[in-house]
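Just so it is clear, A, B, C and D label the chains in written order, and each chain counts residues from 1 on its own.
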Amino acid sequence: MLRVEGLSVSYGDARVLEGISFQVKPGAMTCILGPNGAGKTTLLRSITGIIPSVVGKVWFLDQEIQGKKTHQIVELGMTMIPEGRRLWAPLSIQENLELGAYRISDQRIVKERLSWVYDLFPHLAERKGQLCGTLSGGEQQMVSIGRGLMASPKLMMMDEPSLGLAPLIVREVFEAIKKIVLAGTTVLLIEQNTKVALSAAQYGYVLERGAIVMEGEAAALQEDVHIKQAYLGL
Amino acid sequence: MKLGNFFQITEKTAAFLTFGFVLILPVVLSFNPYYLSIFIIALILGAVSLSWNLLAGVCGQVSFGHAAFFGIGAYGSSLLVLKAGWNPFGAMIIAAFFGVMGAIIIGTPAFRLRGPYFALSILGFAEVVKLLTLNLTWLTDGSQGLFNIPALPAIRIGSMTLDFFVSRTTNYYLAAFLMLAIYLVIYFLRHSNTGLAMSAVHGDEETAAGIGVPVFRTKLLTLMVSAFCTALMGAFYAHYVHFLSPDSAFDGSWSVMPIVASLFGGMGTLIGPSIGALLITGLDEFIFKQFFETGHKLFFGILLAVVIVWTPKGLFGKSIRKK
Amino acid sequence: MISYNTIIQSILSGLLEGGNYALYSLGLAFVFGIMQIINMAHGEFLVLGGYIAYWLLVKWGVNPLMALPVAALLAGGTSFLSYRIFIERIRTTVELNTLILTFGIGIFLSNLYLQLWSADLRSISVHWMEDPVHLGGIYISLGEIVTFVISFAAVFFLHLFLRRTKTGKAIRITAIDRDAAALSGINVERVDLLAFSIGGALAGLGGPLLGMLSFVSPNTGLHITVKAFILTVLAGVGSIPGLIVAGMMLGVGEALTVTFVSSSFRELFGFTLFLVILLARPSGLFGKRG
Amino acid sequence: MGSRMIKKCWCVGLLLVFGLGTAWAAPAIKIGTHAPQSGSLAKHGIEQIKGIRLAAEDFEKKAKIKVDMIVYDDESNPQKAVSAVEKLAGVDKVNAIVGGYGSNLVGPASEASERYDTPYLTMGAVDTKLTAKKFKNFFRLNNMPGYVMAQAGAIKDIFAAKKVGVIYSSLAATTEIATTLKGLLQKGGIAVPVFEKFEKGTTNYKPILLKIKDAGCDVLVVEGYFEDYVGTIKDAKILNLPVKAYVGAWGIGTPEFVRELGNMSEYIYGTSIWERGTAPQKAKKEEAEIVANYKSKYQEDPSYIAMLGYLTGKYMLEAIVQGGGTAGTYSPEKTRNALRALDTMSPIGRVAFDEKGDPRFFTCVLFQTQQGEQVVIYPLDRAKGVARYPGVPWGGK
């Protein structure tokens, strides 16, 4: 579904990503693990075109998408749930969700998607009129995911959805993500929380200092010595 | 196509070239008083641009109201001479300190603000000072302005007399000397510990504070130095033109032109702004004015836009290396 | 010496003028709030609207109120072109660059007006609008009421547009979080272009009113830009309805300064208020962000 | 005042020179001019140049001497004005300079022209301080007292006002005229209860007008510029300001003014150095000629500024030739002397200069706009009609 080949990104003189290649298979959840500052966020931002001018090639649904503008890429059926939620705080939950479906002009479809998101997070349905600035971290994460789902994406990339959330909430969020995958949306997950990520994903990559250093089935990675030592603290 | 792709020189070389050019320019112009008077203004503008760029280019604090300090210096020196009978040279120095006082008065509250807000607060300050000058009629004669401001007194060196009333040449070289002095002050300041602190503040204030840079004090000090130099040039201007009105001393172009000049020359360099000042003066005088009697500033607007869009680092910004 | 009636009348004149200040500032405040661009050519866009209304009246006898949409359209078009040709290219660089760029565009436009229409001051005279209306010892003119209503309506509809329509919301969310907006499929560059053009159109709307209430000339622009600035900061960046209140505060403050102190301190009042607000409460009176 | 004046014999001499001019080809005259062609005063500067340009063309035709006219834009900026004069005198080496608008520009400019020993004649600077230095080369057609006397005279003699409200623009010239008027009125026993300055660019004049109303003034004097008149008249109409007369300084009641304000320009008083038809009897023919030439060249009526510009050009050119003598020897000295010796009747009245370069006989007329026409009502000996007093554009009391 998504294939990245030889992707490199520099900020000024500093090279952040060096020849990254990986792929995401449809219908499953793939995760990319790595410590803070490995370049995970940069990777997603360059795939979605937020960071322009990159070296390398990106295919999405057999189309080359490097160099395209973000909104064009989004229109092809890709979305990203950015790190730190990034909601539009002065707007209500409902408004945030509706604007997630900005490209869809058919109001019936928007309504359908909306009720689906509210089914997924019944919690949000109760407070649709509330301004997002006043929500708790977990609620914000749910809105953020919901907003991404509104555009009916084929691929949803998530940047650290567990960040800053209590373990109980993390579990709730990941339950929802599993449901999303089951409903047919492919997910690419970027996480520091290795344990949670590997237990949910089917396949994983490890990104360290701007390069992919390891890849494999999630189950295999869980058993890997390096992973155990460096990421699972075992 | 950028000049920077073709040649690279160091800041020092650029400064030597600039001041060398300034030194021989009168010879090229065969000491013609008219052309000298054009470049005297260009040098004043150049010196003010250097001072403005110390604040903006080095320390990252963009001011939109340097006319305030220019006018304070001009009026301060003129009043000391006209009302208190001071020697103009002494008055110029004290007037420059008036500029420093102005910097402290507005800088102390304004440096709590960031970005455009700081720029705007200085703009507001300039307007307030101008309006006060206009309305404190007992002191400043209001809109009537100050007439007959004495020229700088002649200096005798041996058998030579440097006259500042008639001769444009002496005025030119004094303006050049002041610009050089200001450049040297800025150069050495930039390469001192304080200069490092300024760069740190420019980079990122929080990081700077984190490594122990006194952010507020550094910014205020930079403004004080910048205001001192600007006010000094204002004082020189007053004794050179012999006439001041609130409209001319606090003319918005003393706020705007240094920005334009710095942008032309390159804000990332120390000498660039003065090159920019000489360049835009020359362009305006020798090219734009040939097209229209009326509204030749039209070209100026276009050129400004074109330079900003296509070479935002200034015409020489890429050619001059930091060291 | 100062009569009760004079004070009331003076306050009223300040309120009415303040309403117009709000309209004169609307375009600048909008563009600054949404795009963080301080549009130094704002005043020139406004003046263009004034000239258009003037020529429509003089050449074809078009009622200046009918000229409003034309003025808005042409000023909007000019700002559209300015954005497409220049501003777009440096949108993502330092704030200062757009400031100077728009300043350059302003210089260009004001000198172009000088070439096209001479330095004459143009005042748009509509006689029925100058007729005074007498309300129990208080006099106001029909024109003042009309322009005040227009100002108020412009602010109200802009507010409504931003809050209620999908496009308006797109503009707002792009301002709040550009990346998040792009990730929702919004073409943020298109939104920028639209917002800047709307800003120009709003400025153009103010021109005919300025021409009716006083005059326009090639040099009026910068003065308006500065005034619009003061108001934007007073209201707090991003607060559109705040402009009305800020405008009225400034108008009444200026009027009362004249009544109780002296007319020569009128401008000083405005700038002092500006400085005090800026230094004491940089987020403005109604701004949310610091 | 200017009816008994006799042209001095040098005028006859000048005619002789003109006659001879056809016989020997005199060297071209270079005349320099600077005026704002951009910036806030551009309107006046542009009109001024139009007048001077026409004067130069007329002079070329009459005197058969080529005139090189060099124009520089001083951008209403003092240092640019100084530079312009330095370029004209130092680089272009002009024989003389005319032009300049605004005392704060003409002041430094005249100092520069003195340094270069180049005669300088202006119509755009009335500040009294300008002639205090007694420059050899500085001359001007008009000065402050001429304006004020017309206003104060009418207020006293025709209106017999008791209380006068004076408001004025904060610019230099209007401040000076207002201050002088206040002194003159008070000396004549007329109270000035409201005397207030307003900023350039004021848009709401109601608060200041309300003060006039509260003080019960008979007459409102506005010493300002076009935009100030427009603003005050519109606001006075709204307030139905109860005064009996509205008097302005310069630039009021001009054809442009009437065109812009329509019937709101009715009844207003203004001073004028010249308006079409105000020329003294002896200069009627000249006036008609200038107006006709101006119209055919520019397709519009000359304003008073254009007329004054014309006259500065004309007198300076004539003075240069007067001092010319043989080919190539136009000297500043002789030009100055010729100007000093000048005493002639012109469309603006009698023109002669004193030793400081100030006009000796300059006086304005006060007119009232009646049915769109400017009717001179003061001084009485030049009056063409009777003041309709009380009367203001907005009805008044």
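By definition in this document, a residue touches a chain if its C-beta (ideal position, glycine included) is under 8 Å from a C-beta of that chain, and two chains touch if they have at least 3 such contacts.
Nothing here was measured: the structure is a model prediction, and the numbers come from that model.
By the document's definition of touch, common neighbours of subunit A and subunit B comprise C. The chains other than subunit C, grouped by which ones touch each other, come out as A | B, D. Seen from the Cα centre of subunit A, the chain whose own Cα centre is farthest off is D. Located most centrally within the structure is C, per distance between chain CA means and the overall CA mean. Centre-to-centre, using mean CA coordinates, subunit A is 43 Å away from subunit C. Our note on geometry: subunit A versus subunit D, Cα centroid distance of 76 Å, whole angstroms. Averaged C-alpha coordinates give centres for subunit C and subunit D that are 37 Å from one another. In subunit C, the residues that reach two or more other chains under the touch definition are 111, 114, 264, 267. Listed for subunit D are residues 38, 42, 46, 170, each touching two or more other chains. The residues of subunit A never reach two or more other chains; the list is empty. Contacts between chains, counted with the stated touch criterion, involve the pairs A-C, B-C, B-D, C-D. Of all residues in subunit C, those touching subunit D in their complex are 1-3, 6, 9-10, 13-14, 17, 111, 114, 118-123, 125, 127, 130, 132, 134, 139-141, 144, 213-215, 217-219, 223, 251, 254-256, 258-259, 262-264, 266-267. Those residues of subunit C that touch subunit B in the shared complex are 38, 86, 89-90, 93-97, 99-101, 103-109, 111-112, 114-115, 222, 226, 229-230, 233, 264-265, 267-268, 271-272, 274-275, 278-279, 282. Note for the complex: subunit D touches subunit B at residues 37-38, 42, 46, 49, 71-73, 75, 77-79, 82-83, 86-87, 90-91, 104, 107-108, 111, 115, 127, 129-130, 133, 170-172, 175-176. Those residues of subunit A that touch subunit C in the complex are listed here as 45, 48-50, 69-71, 74-75, 79-80, 82, 86-91, 95, 99-103, 147-148, 150-151.
Residue ranges on subunit B touching subunit C, taken from their complex, read 56, 62, 109-110, 112-113, 115-117, 119-121, 123-125, 127-128, 131-132, 134-135, 252, 256, 259-260, 263, 292, 294-298, 300-305, 308-309, 312.
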